[in-house]
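Both complexes below contain chain A, partnered by chain B and then by chain C.
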Partner chain A sequence: MFAYIVRRILYAIPILVGVNLITFALFFIVNTPDDMARMQLGAKRVTPEAIEKWKAERGYDLPLVWNASAEGSAKATGTIFFQKSVRLFVFDFGFSEDKRDIAGEIRARMWPSLALALPVFLVGLAVCITFALLMAFFRASYLDFWGVVACVAMMSISTLFYIIGGQYLASKIWHLVPISGYAGGLDAVRFLILPVVIGVVGGIGASSRWYRTLFLEEMGKDYVRTARAKGLTEGVVLFRHVLKNAMIPILTGVVVVIPTLFLGSLLMESFFGIPGLGSYTIDAIQAQDFSVVRSMVFIGSVFYIVGLILTDISYTVVDPRIRLE
Partner chain B sequence: MRTLLLLLVFLTGCGEVWNDPYPVADRGKNVLYSVFAERPKHLDPAQSYTSDEAVFTRQVYEPPLQYHYLKRPYELIPLTAAEIPVPRLVEKSGITYSVYDIRIKPGIKYQPHPGFIAENLSLKKQIIEDLQSPYDLPLGTRELTADDYVYQIKRLAHPQLHSPIFGLMAEYIVGLREYAGRLQKAARPGQWLDLREHPLEGVERVDAQTYRITLKGRYPQFVYWLAMPFFAPMPWEADRFFQQAGMLQKNFTLDWWPVGTGPYMLSRNDPNARMVLERNPNFRGEAYPSEGEAGDAQRGLLADAGKTMPFIDRAVYTREKESIPLWNKFLQGYYDLSGIASDSFDQAVRVSVEGEATLSPEMEARGIRLDTSIAPTIFYLGANWLDPVIGGVSGGDSAERARKLRQALAIAVDWEEYLSIFANGRGVPSHSPVAPGIFGYRDGAEGLNPLTHAWKDGKAQRRPIEAAKQLLAEAGYPDGRDAKTGQPLVLYLDSTSRGPGDKAVVDWWRKQFAKLSVQFEPRQTDWNRFQEKLRKGSTQLFIVGWSADYPDPENFMFLLHGAQSRAKTQGENASNYLNPEFDALFERMRNMPSGPERQKIIDRMTDIFRRDAPWIGGFHPKNFALFHSWLGNAKANEMSDNKLKYLRVDAAKREALRREWNQPVLWPSVLLFLLLMLSIVPAVISYKKREQMAARTVS
Partner chain C sequence: MPVILVTDVLVWLLAAAATGYAFYCRRHPHLAVPWARVFRSTAAMASVVVLGVYVALGLLDSLHFRPELEKKDGEQKAYSSEVLSVLDLALSHLRGRSEKTYSAPLATRSFAKEQIELPDGRQLRDFPRLRFGGAHLQDEGEWAGDVAKRMLTGIAVAAALLFLIFLVMKIIRKRRPEIPWSAAYAAIAVLALLAGPAAALSSGYHVLGTDKVGQDIFYLALKSVRTSLVIGTLTTLVLLPVGIALGIAAGYFKGWIDDVIQYLYTTLNSIPGVLLIAAAVLMMQVYIDLHPEMFQTAVQRADLRLLFLCIILGLTSWTGLARLLRGEALKLSQLEYIQAAHAFGVRDTRILARHILPNVSHIVIIAMVMDFSGLVLAEAVLSYVGVGVDPSTNSFGTMINAARMEMAREPVVWWALATAFTFMFALVLAANLFADAVRDGFDPRVRM
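Showing the complex of A and B:
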């Protein structure tokens, strides 16, 4: 397994280079260094000299990807792409265009994101699996029928509706929790109750339907009939045998998400005033802050690759027949 | 279950509110609660320029002058200066110089700051790494001196700071441009540049309380700049403190932690969530104004006359990106003041047939007050003077045709309707470049644009579309077609409106042009390309805005000055308008004191502007502000942002009303819980039945 993990990590390097290159190309197709300077310097009274100075100070006066006027290797290294990319691979994110420490910003914003995303993920997973197992248990009954109807209805409703509706009822009308905001420590709980509930409820529809399909497929297999024939209770059949055997497709979708929980949720964090990472990238795109954009895309890619590796490892845990070689 | 219910009933009976977003310990305290939407980019006075930043910087930094809080029109008064400086005109080698001697009041002290303790100026790296806040270090203070003002003006030319006003000030302050060049050479990466060692010719210390600024030529508007944080004092110790190695990595910079002599100091800077201003314990105190405009006394705005400010101990600004939570928290009493978003407008305000805005009954029942003010801002539909169809087209017959075309459009584009549909009536159509409340603006019948409006029944009424059609025909486009070629006239509007919500606006524009049978083509683009087109002068029609830096007509009229052409000089004249007579009048007007003669010139400039119509109408936005009943001394002031010191909060009243408005309603939650339990019962019964069911034979 160790060799496999090392191999996957080595595979990740060209992937990350590619992602970085695509991010770079997409960003600079839309924005020029001059545009970035104007955005940072403001809309009023910006002089061409100030723009040139801003660019020179941050290295945006270099050619984008090929420095024809340089000699030797400097043709490639004396470029914006190289200068801005190479340090990412040692996780040195540097400073944003307005001179804030990006790593410090990520560290500060990561925990509020995690405080919201982790409970939503764990509680949501438990609720969805339980609900899906119940529907599978009561398959072809009115409970199953109405459960599926409820799932379709819930997955058809926009997340925004859950958020605004939840805030309207729980905070505005019933005055049970703060409508938005955040605090550190245990005080965070009262700010997180509503977004967590909304996050869980908003995810029930799609996930439960998907899990129900997986469970129904498993329940038609021979080993389930054998388990029942042995006299096991339905609960044991479902939770011990069906759930375990349906784990591979569940893990495929779930484990990969775990590392990205740090990256937060744009909508939830914006509406609930949670100072997480959710809006960091969007804010950076709007502010044409390439340093933050490239860092966040890089981290997102790393997390995604880690998630995929963890998924592969998790297969070996739930299914001993799988070996990573 | 019973215990839970009892607990809920008990908690409700206590009168405790559950949705209070603030710590319990802060209840009843003398704190102001407000919001900010955009994280401030710069808090360094050399760089900060936006209103988002001014909310914080203006409470901390004290430039020599400020605007009177209550009087209108806006009036400059001393802040740290002993008096308003009057320039001396000096002639040297045939050149006129304006010399400002600015004397500051004695005894003004800085907020507590670690930079004022000598040991903190040479900290070990480990100590810096362990710091959570610069205020964790021992704090000191010292008296404000003239040197601090000199130091800050030098910072405008600092090579690592990008002061937005450097370009402008370099044209006036003697030696500033050359000074920037010298600093560029002297600067070493990673090393503090001690500006005290580099004298600046045009700015000098006279004595400990006086400094002198020498300007090239006359620049009467310079005093307005002295009311902005660009000219606030900066102690060299603070600059030195933040330049220590390791500070930048901790976000400990002047751009993050402002240092000033103002009534408040920034004690928490978390622009993702919350910014907190605390009362500066070293603040000298300042008397609340005892004069205002008519009606201020009746509104209770003079009740605190002569009392020592500030009144509030702390101000907490919470970041709210979305308007819905912001509005609901304001209604719940968790924000003391608020603007009105479009989607909440109908809930908050009723607009009468006469156009007068009043509060809705729901707002009145809560004791909320409404204050409106017209911003010193203009949004306009600009015509590019370089365009061969609608621009100036270099004199002669074609120039006259283009002028009539612009005049026809100026009648056809119904800005009153635009404001009514898209801005809830929050704005007034512009009849001249100068905004209401600024010297040079004329109100009523004498202020209307006679080419586009007529004064009827005591109000301005837009001229009929037939008048526009007549002008269009005279321009050579009868029924929207070129009289010579028969081709339809197509006009292009560049804009950044690209979202699905902007379709209604684009349709409205199409309708305006369709009134004249002119074909309309929107050219929607992103902000970068739009700005690029303006810089290259490749637009035809476009919409831009300008918010005044100071309340002087020069700050509006310069938007039409030929020397400010965006395409030619990258200036602020986005329409590249060029009229030698207008320019000559501008040159005369800009340096004159406000009075009848200046007014006469402005009137003439306005007439030229109306006739040439380089802007095809526009509007001045009207700001609506709502204040809770417990917030005292609140008055809209569009020029001055240092308002916090004037405000007063009745914390006990706020606490009582918050309790009254936010009592938890529990029965729906209990009902939901019971329904959920009930829905589980059949499932449990069914499960048990199945478990006990005997095996069946499937036929």
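Showing the complex of A and C:
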């Protein structure tokens, strides 16, 4: 298994290189640094000097991939590609367009993101599995039917509606929690409870319905019939046998998400004013701060790959038949 | 003067292709049978009616032209710089009548107080009467009676229409008894009973109120339908060829081709979707902003941006379909009839076209209808993040984005948000129900 993990990590390198090339192409070749400077400085009536100055301040005045005028190894390192893209590999993110240290921002903003995303993830998983088990237990009854109807209806509602509606009801009408904002320490609970509830409710529809299908499929198998035939109660069949076996497909979808929790939920954070990575990204997008967006793309893909490896490892935990070689 | 927008062309081509596909299916039993199964579902019939109304609105809104300006003697024909659609013509009474600012649904007075000059010269701070909403009323006391009268007229017309449809339905029902016509009829009835009063009221009032700059919300919502449909359908149009070609090639050829394609979609997949879309859209925005000479009118620029958004969404979301198809092609290529074809020396391209492609087509169809609702919802979110459609394009996302700040107002301006969410909910719900029916009809075992 150790060898397998090592191989998977090595396999991640070409993928990260690919991600890097894609972002490099998007950010520097489709639009040259000149275009970006013109955007940042206001598209009309910019002097060439101002553009040069903007580029020099941020290190965009180098050639794209090959610096012919430099000496020795600087031919390769003295380029935008090396300075801006290759350095991401050692998590050296550099500075944002307004000259703030990106790595520092990320470290500080990671925790609020996690404080929001982790409860949403755990509570959401528990709620959805419970709901799905309930529907599977009472299958082909009114409860099941209306449960599925409710799921489809909830899937069809925009996330924005949950957020805006929840904020309106809980904060404006009932005055239960503050509309938005954040505080450190235990105080954060006051600010987090509404986004967590909204996050969980917003996810119920799609996940519960999906888990219900998984459970029902598992229930049609022979071992379940055998378990029933030897006289086990339906509850035991459901929890001991069906739930355990349905864990594999559930894990496929779920474990991948765990590392990306750090990135937080873009929408939720920006609506509730939580100073996490999600709102950082949205602000960067709206301010057209490309260095931040570039760094977040890279971090996001690193987390995704970690998630994939974790998924594989988790298989061996829930299903001893699976061996990683 | 007709104006041909790129998305218009594509939308109509798509509509033509869909019609062609329908005729093709009728003559081929292996396709006709699953579709017949789809239409035997009550939920599908009801949602088809709803989707049909949306599609009709979208198609009408996809015929653009520039109206001719009134000609003075001896002058050449001149055209307005404003680009209108056929739907605008039909709704011209809604489009033209804008107020100054917010007004509540069916209101006769504005939402904000204003200085009003009385006939005797004194000034008064009050809610002014609207320019158009309820302007035909001499006395505002008549309001309740007038609204009730219009609503009843609307309902009466709708009921009469429904009776006619009922008679037609009776004849069709005899010819095709297996299809649940009553579900379709119920959906038609609900829509007619909503649309009848709305149409009757809209001639004198703003049925769903007005927005910040006084535009009729009902009109904006109807105009937004096209954007949703374009994003939901054109994106799949981009996604399908890429997803099908790469997915099947990976599963069928195996070896290094498989490795390369797998590498490609793992790489794309590993970039968080929103970020990749945001990055691509930002780049496109810079390009459009720096090349204003490429676009004649603002509408054309907004339209190109919409098209680019579809392309970007398509290019970032083909991976799911490709992975499904790869698995299926891998399975199929082991089957006897493919092996037999190999043994007979049939060329790969021919095997792919004649044997593999038809046998994965159900997955393609299911993926297409399943993706639609997600894309409609995604549009709203992307517009909020600022990487969606052009701010001047009517869409549910831009409507929500413009209206959400007003929730902090006292009293609350709720109608714009409520309208956008309701229209979007109806569309997405219908699409979801239809997608479920298609999935059940084509392959009860495929899970997405």
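Operating definition for what follows: the second predicted complex is superposed on the first by the 290 of 325 C-alpha atoms of A that agree within 3 Å, B and C clash if a C-alpha of one lies under 4 Å from a C-alpha of the other, contacts with A are read in each partner's own complex, and residues count from 1 in each chain.
The rule is simple: a residue touches a chain if its C-beta (ideal position, glycine included) is under 8 Å from a C-beta of that chain, and two chains touch if they have at least 3 such contacts.
These figures come from a predicted structure and were not determined experimentally.
In the superposition on chain A, A:Asp35 makes contact with both chain B and chain C.
Contacts of A:Leu266 after superposition: chain C is touched, whereas chain B is not reached. Legend: residue contacts after superposition of the two complexes on their common chain; A:Ile157 is shown touching chain C, with no touch to chain B.
Applying the stated contact rule after C-alpha superposition, one finds that A:Phe121 touches neither chain B nor chain C. Applying the stated contact rule after C-alpha superposition, one finds that A:Ser301 touches chain C and leaves chain B untouched. In the overlay built on the shared chain, the residue A:Gln167 is in contact with chain B and with chain C.
Chain A residues 30-31, 35, 38, 164, 167, 172, 288 lie at the interface with chain B in one structure and with chain C in the other. For chain A in complex with chain C, the touching residues are 14-15, 18-19, 22-23, 26-27, 30-31, 35-36, 38-39, 43, 152-153, 155-161, 164, 167-168, 172, 210, 213, 260, 263, 266-267, 281-282, 285-286, 288, 290, 293-294, 296-297, 300-301, 304-305, 308. By the touch criterion stated above, chain C contacts chain A in their complex at residues 263-264, 266-272, 274-276, 278-280, 282-283, 286-287, 289-290, 373, 377, 380-381, 384-387, 400, 404, 407-408, 412, 417, 421, 424-425, 428-429, 432-433, 436, 447. Listing the residues of chain A that touch chain B in their complex gives 30-32, 35, 38, 40-42, 44-50, 53-54, 57, 95, 98-101, 104, 108-109, 134, 137-138, 141, 143, 164, 167, 169, 171-183, 187, 190-191, 233-235, 270-273, 275, 279, 283, 288.
Those residues of chain B whose C-beta lies close enough to touch chain A in the complex are 17-21, 23, 39, 41-42, 49-50, 159-160, 162, 164-168, 248-251, 253, 255-256, 270, 272-273, 318-322, 324-325, 328-329, 331-332, 526, 528, 531-532, 549, 570, 572, 662-666, 668-669, 682-683, 686-687, 690-691.
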